[in-house]
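There are structures below to look over.
There are two complexes below, and they share chain A, which is joined by chain B in the first and by chain C in the second.
Entry: the complex of A and B
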């Protein structure tokens, strides 16, 4: 492998990483406030289809990104309405979103494009040369050269991670969000409106998942396929846990899982290790996550009030 | 009081009154019915919004679902309905049983596939297959005994494996404090990738063929008997009804079931009452997860022994996720799960015909998902239901009656 190939591989790895990262960040934000969102795989599917829809009809990936954000907010609002307004079961609501996403996106794909399986391919997407972020001064430096010609969404992912860290750990709002996730009763005592904070966290988080879905269809790939997101949302869930419910942890885990994916595809393409079945590398994220949760490797602990509906009157 | 009288009669007709939570709240039976009804209405709106005729679409959906007798293809559709329902009822029972113990077994999907792959293995594995093949020949006209035994071994092995797979999540929960939802989700994907990206394309495939062929086919003796000959209908529906009865018996007629329900009722408030009573909670939860996984795996073995006869490379996820919907619509009662499973099976059967009206067959997912969503919203559904009932009552009856519904 020469330096160019290594750079290309790193760039490809980042393409795999970003959807996982956005899903994980969605989980971090929403679970920090105490609302479990296992529907993020479904929200990503919504985001992937609507992102493509926007980009396809406007010929601009920016509109696609806006569509992804909008549909993410909308589905997130549905989840918030069920789980916060009416104290519905968060897991059941998430399951409903996942199942609806499977049926509705296939329906819409057939309705809008009259095709099954794949949408038409995009010419203008974030992965196209015209939309990449060019940093020519990096190109000559080994390893950093990989960052000289990346999709906008990859940089956006890094920016979102930093912003999320600042939001959660260096602002008043972040402190309030984490209080709602750890001890909503105490938050109420301090005059914080738990419902409003949770609404914000869930909707903003879902917007991130929508962006993650759009990243799949208008950045990593140039179209929507019916199998999207192919479990990426659940890998994101795993990354969130593996990263111990923190933004930078999520970034690290997403990078690790992204590397796993690229290693797997290198093995598949080059045939370096034909005896190694793809299944054995594909399960890696989930095995690592279980190991961390079980405390075999470090220990990952969820926010104390994670997944519990909040009743104001209850003692 | 006419509404609640009718409800009581309705409940009594199905033999599920005066048990557990139903006695306290007669609205329980209306929540899933209203949820499904609302989901069907939303489905109609979706079809109408995309410029198609919802009435024609639903006529196709229910006309070809196998629910309505008559028509040339009815026998075939009815058979398909029962074949599909058997698998959904199995995964539904799995999720429902775990719900009764206060656990959300979202991993019925993984347990389903573990059951399927293990049943496949014992279906074709030479030592087993040859033994029963020879037995079949030797027994002559009593060959059905060999078929019965071989099928039973495949199913039992599948159930043991699925149960063990679920028990891993139970163990991690009890001993290591891993949230059961997260644990089972992770195990789902581990099972799925191990099976579809390793076992079913490597060690279990015929060596001479390409990886697109799926695994070996099971021996003839392992296949489930067909019971309505021109159609594919097999014994799976009878077996799953037996499993539903067994689940009901376990829950309501045995000590273990009583203890499981005691754990489930108090799951949100620390389980102090069952602990004080001396119930070994950790042990019961492990057993519960084992039973739950075994039921899902039963569905997986139907998928192989009754339908595919091999582990196909075209297998797609969804049986376990549907099982969650079935359990929720069935309100986690075995009888409810059977009815809900039949309904979902009917939707899936009829949805294939909707393709005539340009509606993809995944349309049934929309209905299922919406129904589950409305069940998640059940607090709201109950709230408005009580409000409507109250308004009707204040118009007809003196207001003293209001307390009864609140």
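Entry: the complex of A and C
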């Protein structure tokens, strides 16, 4: 492989990484406040379709991104309403969101575009040259060259990671969010409104999952396909756990899983692919996910009150 | 001036009137104790005053003004602070983070950790409660964790401090320290509400004492004009025998024996270093010792949770060194634990289910793969009556019971299993006088029935009152053997600290 190919591979890897990263960040925020959001795969599917929808009709990926955020907030609010307002089971609510997303998006795809399987392709998407962030001074430098011509969403993913870190570890709100995830009763005794904080964390987190979904359909790819997000949300959850519920940990894990995704393409380039059973390379990222989880999950500790509904007057 | 007045407060929980028309007032600068058995409604009342629960009826007055306390924010604004029974600390946060949460020094939206640390250090110096501001709360000993809790409420300018059973988790030395702190706060003009069921402590620290029983106020007395016995009578509603009667039983054959037992702890260090003793039928052998001298590891080995590294263990003459808990139980071992939540009961399960656990696979409770819940229910109903477990609904979860009633449920189950050897590990820890008395009575009944009993306890009065023989354990070894009539609490206390072990019993 020459330098250009390497650069291209890195850029491609980042394309795979970002949806995973957004999903993982959604998980980090929501679970730091103590609410498990297993429905983030479904929220991504909502985000992917509505992102495409916004971008398609407005001819602007920015509008698509806003659509992704809005639908993320909306579905997140549903999850919050069920799990925080009514103390519903967080796993059941999340699973319901996943199931609804599968059926509803397929229906909407056929209803809006009268097609099956794939939406029409976008001309204006974040992956198009016009919407890329051009940093020509990096182009000549080996490896960093990969960063000279990236989609806006990739940079946005890095920015969100930093912002999330600052939020959780350097702001008053972040300290309170983590308190709610560790010991909501203690938070109450200190005069913190646990319900309000959890609402914020779930809805803001879901917005990130919505962005992650939109990244798939209007940045990594130029359209919505019925198989989206292809389990990326669950890989994101794995990245969150592997990253020990921290933003930078999630970034590292997402990069690792993203690399797993492009190993398929590398194998294809090296020419050993035909010797392998068809489909074998496709399962690689998932095998990697399983291996990492089996090997590391024991050392990663969730927030103490993660997944537990909070009843104020419980005895 | 009255710092706090409570007028006709009631609190109704589904099916349970936890507070029934309670009224009292507390003077500024007073240490006011509220005593009562577990489940008498003390904590509920405090949670109402502190805004965590909303009362079903009644009024609150702070500094002689009527107030509505709808949330903890309201209570904090009225300069109240509460040190909770279970600490409200986050182990993964630093001391400073724990103290400032909810009222953080900040620059804009950013948390100013540096300033927070400085503030905590200043505060800790000013009130002379020493803490390491940057240590993780989870790494601190319990006594220090409590200091962090006190600092937390003081930082918010609390004038009325509520201590909810603060001594329950403390060692005697830490308790002394806490009382020094409380007196100091009193001299600074703070008002203190002290919740407890330990009468000795209440008599030591309080100015006035209110007694609750089953949600009702039984009376308010001045410390000067009362005695422990009178308080106990008010709390329980009848005369309480704090003295343990002597029961003489003919000693039977050896039930349990171990020889040169070595046991490792979780971290792999040897915690029991060669213990040899036996327990006969109709005999209570007490093991005295300061916590952490190998008692937990000894018990774990005896109940089959861990296997001894070397040495022998026999139950009714059969080798029991490498067997499972099930086999030990089959051979006649029963086990009363102090750790009700983790070992004694399955808290989310009902009383019914907890009562038969361990014999749930045997007839008549199960037939083949099917549980016979009618028989289980019948059995549990019987035990609830026999052991006076309250409230007596067998469909209630074990977790909804008070500590005393949980312990009764454990006794009911363990003593109904066929057994001739009973391990009682701190059987009265955290219990009030009424429940403690009940446990003692049951243990003595067991002794009369000819069972062999091994009693492990940190309470010397309990060891001296119940045991026929006393073994003193220090650093994993037996450093002394004596009988209650040949020793005193002081002598035992010295032995327990490893002082003056001239008559070592090592064989």
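Going forward, the second predicted complex is superposed on the first by the 285 of 315 C-alpha atoms of A that agree within 3 Å, B and C clash if a C-alpha of one lies under 4 Å from a C-alpha of the other, contacts with A are read in each partner's own complex, and residues count from 1 in each chain.
In this text, a residue touches a chain if its C-beta (ideal position, glycine included) is under 8 Å from a C-beta of that chain, and two chains touch if they have at least 3 such contacts.
Just so it is clear, the structure is predicted and the values come from calculations on it, not from any experiment.
**Q** Between chain B (first) and chain C (second), which does A:190 come into contact with in this model arrangement: first, second, both, or neither?
**A** Only chain C is touched by A:190; chain B is not.
**Q** Quick one: classify A:231 as touching chain B (first), chain C (second), both or neither.
**A** The first partner, chain B, only.
**Q** Give one of first, second, both or neither to describe whether A:130 is in contact with chain B, with chain C, with both, or with none.
**A** neither
**Q** Tell me which partner A:97 touches in the superposition: chain B (first), chain C (second), both or neither.
**A** first
**Q** Using the touch definition from the top, say if A:172 reaches chain B (first), chain C (second), both or neither.
**A** second
**Q** Touching A:182 in the superposition: chain B (first), chain C (second), both, neither?
**A** In the superposed model, A:182 contacts chain C only, not chain B.
**Q** Have a look at where A:106 lands relative to chain B and chain C in the superposition and call it first, second, both or neither.
**A** After superposing on A, A:106 lies in contact with chain B but is clear of chain C.
**Q** Per the overlay, which chain contacts more chain A residues, chain B or chain C?
**A** The partner making contact with more of chain A's residues is B.
**Q** Is A:86 in contact with chain B, with chain C, with both, or with neither (first, second, both, neither)?
**A** first
**Q** Where on chain A do the contacts from chain B and from chain C line up?
**A** On chain A, no residue contacts both chain B in one structure and chain C in the other.
**Q** Quick one: in the complex, what on chain A touches chain B?
**A** 36, 38, 78, 82-83, 85-89, 91-93, 95-104, 106-107, 110-111, 116, 231, 234, 237-238, 241, 277-280, 282-283, 286-287, 289-290, 293-295, 302, 307
**Q** Sort out for me which residues of chain A touch chain C in the complex.
**A** 170-176, 178-179, 182-183, 185-192, 304, 312-313, 315
**Q** Would you mind writing out the residues of chain C in touch with chain A in their complex?
**A** Answer in residue numbers: 13, 44, 50, 52-54, 71-73, 76, 82, 84, 88-93, 97, 101-104, 106, 109-111, 152, 400.
**Q** Which stretch or stretches of chain B touch chain A in the complex?
**A** Contact set of chain B toward chain A: 46, 50, 104, 106, 172, 176-179, 181-183, 185-187, 189-190, 193-199, 201-202, 318, 321-322, 324-325, 328, 358-360, 362-370, 372-373, 375-380.
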